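One chain, subunit A, links the two complexes that follow: it is found with subunit B in the first and with subunit C in the second.
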Partner chain A sequence: MREKWQLKWRNKKSGELKKSVCRKSGIKRLLFLLPGFLGVLLFYLLPFLEVVRRSFFKAGNHAFVGMENYRAVWNNAAFLRAVRNTAYYMAAGVPLLMGISLILALLMRRLTARRKLVSALLVPMAVPAAVMVLVLRILVDKQGLINGVLSFVLERAGGGTAFTGTDYLNSKGALAVVIGSFLWKNTGYMMILWLAGLAGLPKEVEEAAAVDGAGRWQRWHYVIRPQLAGSFFTIGMLSVLQIFRSYREIWMAAGSYPQENIYFLQHLLQNWYLKLEFDQMAALTVLLSAVLLVLCLILQKRLEADAG
Partner chain B sequence: MEGKSKRYAGAWMARIICLSAAVLVCLPLVLIPTGAVMDDMELRQLLSPVMNGGGGYAKWHLVPLYPTIEHCYRVFIASPSFYQLFWNTVGMTAAILAGQLFIGLPSAWAFAAFRFPGRDVLFGLYVVLMLLPFQVMLLPQYLVVQKLGLYGEPASVILPAVFSTFPVFLMYRGFTQIEKEVLEAARLDGAGEMQIFLFVGLPLGRTGIQAAMVLGFLEYWNLVEQPMAFLEEQRDWPLSLYLPQLTIEQAGFAFAVSVAVLIPALFVFALGQDALEEGITYVGMKK
Partner chain C sequence: MALGRKKLFHKEWYLCVLFVVCMALSAACGSREEETPMGRYADRDVEMAGSGYTYMHPLADGGYYLFGGDTELTRVDADGTVSRENWNWEENSNINAKFSIAVSDEGAVFFSYRPKFSSNEEYEEFAEEGELRYLYYYVDEEGGRHPLELYGTDYRKGTNLEYFAFSPEGRLYAASASCVYGIDAESGEVMSLFQTAGQVYEFAFLEDTMIAIDKEKAYLYDCAGEKLLDRNSAVDEFLASHQSGRVVLAAKDGILYFACRTGLYRYIWDGSVIEQIADGRMVSLGDSQYTPKALQVLENEEFRVYFSGNHMVEMYYDETLPAKPEKELVIFSLEENGRIRYAGQLFQKEHPEVLVKYETGMDGDNAVSKEDALKNLNTKLLAGEAPDIIILDGMDIEQYAGKGVLKELDGFLSPYKEEEALYWNIVEGMRMTEDGKIYSVPMSVYLPLWLSEKKYLDGEDGLADIVAGMERAREEHPEGPLLYTPYGEDLLNQLIPVCLPAWTREDGSLDTGKIEEFYQAALTLWELDCAGLEGDAREKWQQGILQYHAPDEQDMVRVTDGQYIDYWGIGANWAQFGVLDNMVFGMSSIHMKLSAFRDRGSKEGVEDEVIFGKYTGQAEAVFWANTVTGICEQAAQPELAEEFMNLLLSEKMMDKWWLQGSYSGGVPIRKESVESILDIDNHEFAQVLGFDDKGIEIIYNEICWPAEEEKQWLYQLMEEVSCCYRSGSMLEETVRNIGLQVLGGELTPREGADKVAGKMAIEMEE
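== the complex of A and B ==
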C-alpha cells in the first residue's frame, strides 16, 4: 500500500506524466460544463443573437432596414410613457424599499429572538403571485377592504364627514398599489441582505464608539453607515433589477392594458408579442437588455472589487 | 441604571415595530384560509360591494359565521380538472428541478473547482442571464421554441428553465465555501474528478444545492409568464395561470384553490428557510 502511495506521489512530481494526466482530466473537466453550456447556448445566447440580428430587419419581408425599428420604438408614444412610468416607479420604489428594509434590519439586529419575525417578513416570497393578486383585488377595490377601513377610521375621526374611496387600480393611485405590492414582496428579501451586511461588520469598533459615549445616532452615522457603503450599492442595484422583475403581479392585477400610469416596458413587450410585431419587439428587447447589461456589469465589477 | 432601562425600552420599541411590520405583511393572507371555509351566502354578502358596486364597503369575518367544506369539496373531489392542473404544476416543477440538478450541478462544479480559459467571462455571462427579467428573453425563447417545434408543448416551458443560470450560480456559491485544501487533499490521495465531485463536492456544498432547490421551487410553483406565452391549451396550464381566471363571484372556489397552491409552497418555505436565506445572501454578497 505504502509503495503504491509513493509511486503516485512520484508520478505527480514527474512533469511528463503530469501533463498527460492534465490533458485527460481537462477533457473530463470539460464534460462537467458542456451539457449545461450547450443548453445555455441553445436557449439563451444564440436566440438572443438572432434577436439582435432581427432588430435590423423588417418582420414581414425580411428586408434590411438599418435602425428603422429602433427609430420606430423611440418615436412610439407607448414606449415613452412606459419609460417615464418605469422611471417614476424606480424613483419611488427603490429608495422606499431600501429605506424600510434597512430600518427593519437595524431594529432586527437588536433583537435576540428574531427568527420568527424574519420568517414572517419572508413569507411573501413563498406566496404565489396568483394568490396574492386574489387578495389584492379585494383589498384595493373602490369598495374594498382598505377603503372600508379608511372610511371607518376617517368618518369617526372627522366627526361624520362623508368619505369617498379611491378606485386605486383605475386612478392615479395605481402606481401606489404597484409600489405597495413591490414593497410587500421584496422587503424581507432586502432585509436579509442588510442583515448579512451588518453581520459582516466588526463588533469591536461599534463597541468602542459606545464606550466613548457615542449615541445611537452617532454610531449609525459615523461607524455603521460608512462601513455599509458596499451593501448600499449592491442592494440598490438588486432593487433596481427587481423593479424590472416585478411584472407578474402587475399584469395579473391590472391586465394587459392597465391604467396608463402603470403601463411598463414589460406590457409593451408582452403586447407586441401577442400582436406578432416582432421587429419592434426585437429592437426594444435589445435596448432594454443593453441597459440592464450595463447595470449588471457595474454590479459585478463592484462585487469583484469588494472581494479583491 | 438609567442607561440600562433606556436600552431596555429601546429594545421593546424595536420589537414592537418589527412585530407590527410582520403582522402588516402577513395580515392580508388571513383572507385565504377563512375565505376557503366560508359559505357562498356569507361571501356574497361580505364582498357584494366589490362584486356588484352599490353602496358601502367590503367587510370580512375573521371567523366565518357558517363554516363549510363545500368549496374544498368542489375543488378536491367534484372537479377533476383541478387535479389535471395541479399535477401539471407538480410535473412541471419536478421536471425543471430534476433537470437543474442533473445539468446545473455539474456546471456549477466546473465553475467552482476548475480554472479554464474564458471561465471568468463565461461566468459573468451566466450572472447577467440570471438577473434579466423574463420579458427580455421572451422573444429569443419564442424563436427557439418555435424552431424546435415545441410551441404549445410543456417542454417549451420546462427546457429553458432547466438551463436557467440562477441555480448554477447558487450551487457554485455553495461549492466555493469548500476549503481549497480539502479538494487538493482528495486529489493527492488519487481521487478521480468524478469521485471528488460526488464524495467531496456534493456533501460539502449541499447548502448551495438546497438554496437552489428551495428558491427554484418557489419560482416554478409560481410560473405565469412562460406558460402564458408558450402554452395554448388550458389543460396544459399550471394552477398559477388558471387561478387568475377565476372571477370574484367564484371567490370561495378561488380561495380553496389558493389554499391548495399555498400549502406546498409554505411547506417548502418552512422546511428550507435557512437555505433560502443563505441563497439570498449568495446573490448580494462578495465572494
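== the complex of A and C ==
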C-alpha cells in the first residue's frame, strides 16, 4: 500500500515536474520568438493596420469617408483594366511557369550532367534587372534581333521586300513578350524547387509501381503527383509572387504607362503614389491583400483535400 | 543544472530590468530642458579696393594683394591702407587676355596670357607651336617686366601651365593637367616635381611642406628635401567627398583650413579628423552666386574669403548667435535653382535665427530620376514632413493643389494686387481651373518669340502662318535648313509650348483634332526643312560637320558681320522659334539661341527685315512660368514661408538677381523690375564676345540698347499673356515621343493623334 502510494506520489511529482519544465521551456520558446514576432508586428502588421485605417479616410484633409475610397477604386476604369491584365498575366504565366519547370525537372532528374545544366538555367535569376531589360530591348525592339532575323528571312524569301519591324513592347504582342521574359527569368529557379521536391520522394514506391507494371504516365499520375502536393503549393505561391515581383523589369522596359495590355496593378499603385492618391492606394492595397489571402487559403484547402 | 537554469532565468530578468532603467534614464535626460548653446561663425562683406580684380593673394601680416586682367597690382595692408602699382600695361600691347595669376608676398607677379596678333603671319608663326598655348609673363618685386620663354628637360614646349603659386620663400610652382613643376621665375627654367592624376588647382604651404590638391587628392611635397611625401588619408577623404565644388586652402601654425560650399573646416596637421567650424549654409560660403577663390587666416581665428565676382567677406565668431538656429525654413525643388539658392542666402543673412535648408530632389551628384525624386517628396508629405516652400518647376501643380498639399495664396497675394506691383494677368494665369484658386506664383516668365525676316513670319494666326511663311522661305531658298532644328525633337520642342494648352478641353478631355492639326503642321515644317537637306546632309549638319551660312550678300549675315562665324546662329537658317529667356545678353530657349533683344534692329540695313515677333501656336497668349513657388499647407513655419515668398517677389530680390549678372531665367513678373532691367544705360555691359573662325580672337561688338518703342512692345507683350504652359506633363512627353514617329513617317498625323489618345486614356482613367 505504502509502495503504491509512493509510486503514485512519485508519478504525480514527476508529472508536475514535467509540466513545470514544459511551462518554462514554453516561456523560453516564446522569448526566442518574441524578437521575430515584434519585428513582424512593428514592420508589417502595424503598418498594414495603418494602411487599413487610411483606406477609410481622405488623404488631403484626413476626413472619414467610410467606403468611399473602395467605391472610387471599384469604379476606376484604370483599376479594372489593371485587374484584368494582371489576371491574364497570372492565368497564363503561373501555369506555364509551373508546367515548363516541372517538365524540365522531370527530364533532368535522371541526367548525370544535371548540376551544370541547373547552374546554366539559374543564370537568368542572377542577371540584374537593368541587364535583363537591355537584353529584352535588343531582342524585341523595332531594330532588334527578332526583327532583324525576320527581315533577313523575309527579304530572302520575298526577293528584297522591305520589312518594317514592330516594336513588340508597344504592340498587342506586349503581353506575350512579358510572359516570355518572366518564364526566361524564373524557370530555372522553379525547376530547382521541383527537383528538390522530387528528390524527397522515396524511390522504392516508384520502383515498386514500375515492377507492378505501371507505365510512365501511371507512375506520374498515381505515385509522383500526389506526393508532390506540398511542393505544388509552395511553388504555386512563389510563382504568383514572382508575377508581382516581375513589375520592376516591365516598368524599366516600358515605363509607367506601357502598352495597355501590360498595364498591371503595380503600375496603377506606382502612378497613384506619384499622383498623391494615397487614400485610393490604401484601399487598393487592402483589397489586393484580401484577394491574395483568399487565393492562398483556397489553394491550401484544395491541396489538403487532394492530399487527404 | 536546475540551478544553472534558475540563474540564467534570473540573468534574463536582470537584463530586462537594466534595459527598462536605461530607457527611463534616457527618457528623463530627453525631457530635461536644455540651454541653447550659443556662438557660431557669421560674416560681413568687405568693401573692395576697386573693381575688375580676379585674384587675391593673402599676406601673413593680415594684408593682401589684389590683381586682375586689366587692373593694377593693389596692396591692401592690414590697417586698410591701399597702395597701387602702376605698371602701364598699355605700353605692352601684346597681351590680349590674362589667365592664371600668382602674386608673391613681396609683390612679384607671374601670369599666363594669350597674345594679340597684328598680322596673319604673326598668328601663323604662333600657331605652329600650338594655337591654344599660353605665354608667360613675370613682373619682379621692383616692377621689372620679363616675358618668359619656359624651357626645361622634362617640360614639353607648348604644355599649358594652368595654376601658379609662390611659396612664402618666393619659390614659384605651377601645375599642368598632369604634373606639378617648379619654375625659376628669373630664367624660365621648368623642373618637373611630380605627376598628378588630375589637374592641381590649389596650393598651400605648411612650413616646408607644399600641399597641392586636385579634385580628389592632396599631394604632399617636401620643398626642402625635394621629394614627394606619403599621402594624408584624412585630407584625401575630405577632398573626395567635396568634389562637386571648389575647395580653397590656407595654412597657419600647423593647422590647415579648407573653405568650400559646405563650410569652413579645420585640420590639425597629421591628425585624423577634419572638423567643421562654420556651416556653409549660414555664411556666404554656401552662396551659389560665388565660388571661393582664396582663403586667408587672420588673428583670433577670423578668416577672409575671396570669391569669384570680386566679392570678399570676413568671417568672425559671434557669441551672441545661437550655435544652431532654433527655426528651420525648408525649401524643396526638383532641380537646383540658382535663384532660390541666392534668395535662401539673402533670407539667411536677414534672419540669423533661422536655418534655411534648401533641398533638391535631383542634385546632379546622384542618379535620382524625376520619378524617384517625386516619390521621395511624396513619402515626406505622407509622413507629415512637408517642406515649407515647394518650387513647382517640372511638377504637376494641379495635382499638388488638388490633393491639399499647397496653401491657397489668394489672400497672401491680395496686397500685391492692390499695389499693382505684379503683372496680374500672369498671376491670374496660375489660377486653377478646378476650384478657381491660386496656389502658386512664378518669379519670372519666358515669352515665346520668333526671329526671322519680316516677310516670312509676320502673321499672328498661329501654326498656319508659320507653315505658310516657311513655304515662302523655301521657295526663295531651295537649299539649306529653314529652321534651327537639326533633329525632329528640336522642332517638336519649339512648337509644343505654344500649342500644348490647346490640346485639353475645359472638361479635361483630350482634343485629338488639335493634336492631329499639330502633327500635320509639324510634319509639313519638317518636310520643308528636309527638302533643303538632301542625302546625308542632315546627318552631317547634326554632327556639326556641315555649316550652313547664307551667302555674304544676304542681309541676315550682316547681323553678325560676315567675316565671323554667325555668333547667334542667324543666317544658318531663315527663322528661329523660342522663348525670351535672357533679357539683356540675348534671348535663348533651352533648345537654341536667339539674338539679343536689344540687338533687334540695331544693325544698319537690317532693322526693317530681321525682326522679333510674337510667337503664337495653337494656344494664344502663352507664357512659360519659371521658378513657380508654392507654400505647403502643412508647413512647419508658415509665417517664415510667407516672408520668404515676399522676398522672392520683392524688388530687392528681382532687381538684385538680374543686376548681379544672372540675366537668364526670363522676364520678372514685377513691373518695376522689368523696367529697371531694360533701363540699362547705367549698366556696365557694353560688349559681347565672339570668336573668329580660328577660334582665337575675341571680338567686341557694340551693343545697342533697345529703343523705347521696343521696350513698350515688350511691356505690352507682358500685359497680354494669360495662358500658362507648364512643362513636363505626361501629355507633352507622349506627344513628343509619338511625334517623332510621325516625323519619321511611321505614322500619319491622324494615327499619331489616335495613338496619343490611346496612351493618355490610361492616365486619364487613373
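Keep this in mind: the second predicted complex is superposed on the first by the 227 of 308 C-alpha atoms of A that agree within 3 Å, B and C clash if a C-alpha of one lies under 4 Å from a C-alpha of the other, contacts with A are read in each partner's own complex, and residues count from 1 in each chain.
The definition used in the following text is that contacts are C-beta pairs under 8 Å (C-beta built on N, C-alpha and C of every residue); 3 or more make two chains touch, one makes a residue touch a chain.
If you're wondering where the values come from, they're calculated on a predicted model, not measured in any experiment.
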item	value
Touched partner set for A:Tyr263, first subunit B, second subunit C, both or neither	second
First, second, both or neither for A:Asp141, with subunit B first and subunit C second	first
Touch count on subunit A, higher of subunit B and subunit C	B
First (subunit B), second (subunit C), both or neither touched by A:Ala209	neither
Touched partner set for A:Thr234, first subunit B, second subunit C, both or neither	first
Contacts of A:Phe278 with subunit B and subunit C, given as first, second, both or neither	both
Contacts of A:Leu42 with subunit B and subunit C, given as first, second, both or neither	first
First, second, both or neither for A:Leu292, with subunit B first and subunit C second	first
Residues of subunit A at both interfaces, subunit B in one complex, subunit C in the other	31, 273, 278
Subunit B-touching residues of subunit A, taken from the complex the two chains share	8-9, 12, 25-26, 28-33, 35-37, 39-40, 42-48, 50-51, 104, 107-108, 110-111, 114, 116-139, 141, 143-145, 147-148, 151, 165, 184, 187-189, 192-193, 196-197, 200, 216, 230-231, 234-235, 238, 241, 244-245, 247-248, 251-252, 265-266, 269-270, 273, 278, 281-282, 285, 288-289, 292-293, 296-297, 299-300, 303-304, 306-307
Interface residues, subunit B side, partner subunit A - complex	10-11, 14-15, 17-19, 21-23, 25-26, 28-29, 31-32, 47, 49-50, 53-54, 56-60, 103-104, 106-107, 109-111, 113-114, 116, 122, 124-129, 131-144, 159-160, 162-163, 165, 168, 188, 190, 192-194, 197, 218, 221-222, 224-225, 229, 239-241, 243-244, 246, 248, 251, 254-255, 258, 261-262, 265-266, 268-269, 273, 276-277, 280-281, 283-287
Residue numbers on subunit C that touch subunit A, as the complex places them	5, 9, 12, 371, 374-375, 378, 381-382, 396, 399-400, 403-405, 730, 734, 746, 758-759, 761-763, 765-766
Subunit A residues within the subunit C interface of the complex	24, 31, 59-61, 76-78, 81, 164, 256-257, 260, 263, 268, 271-278
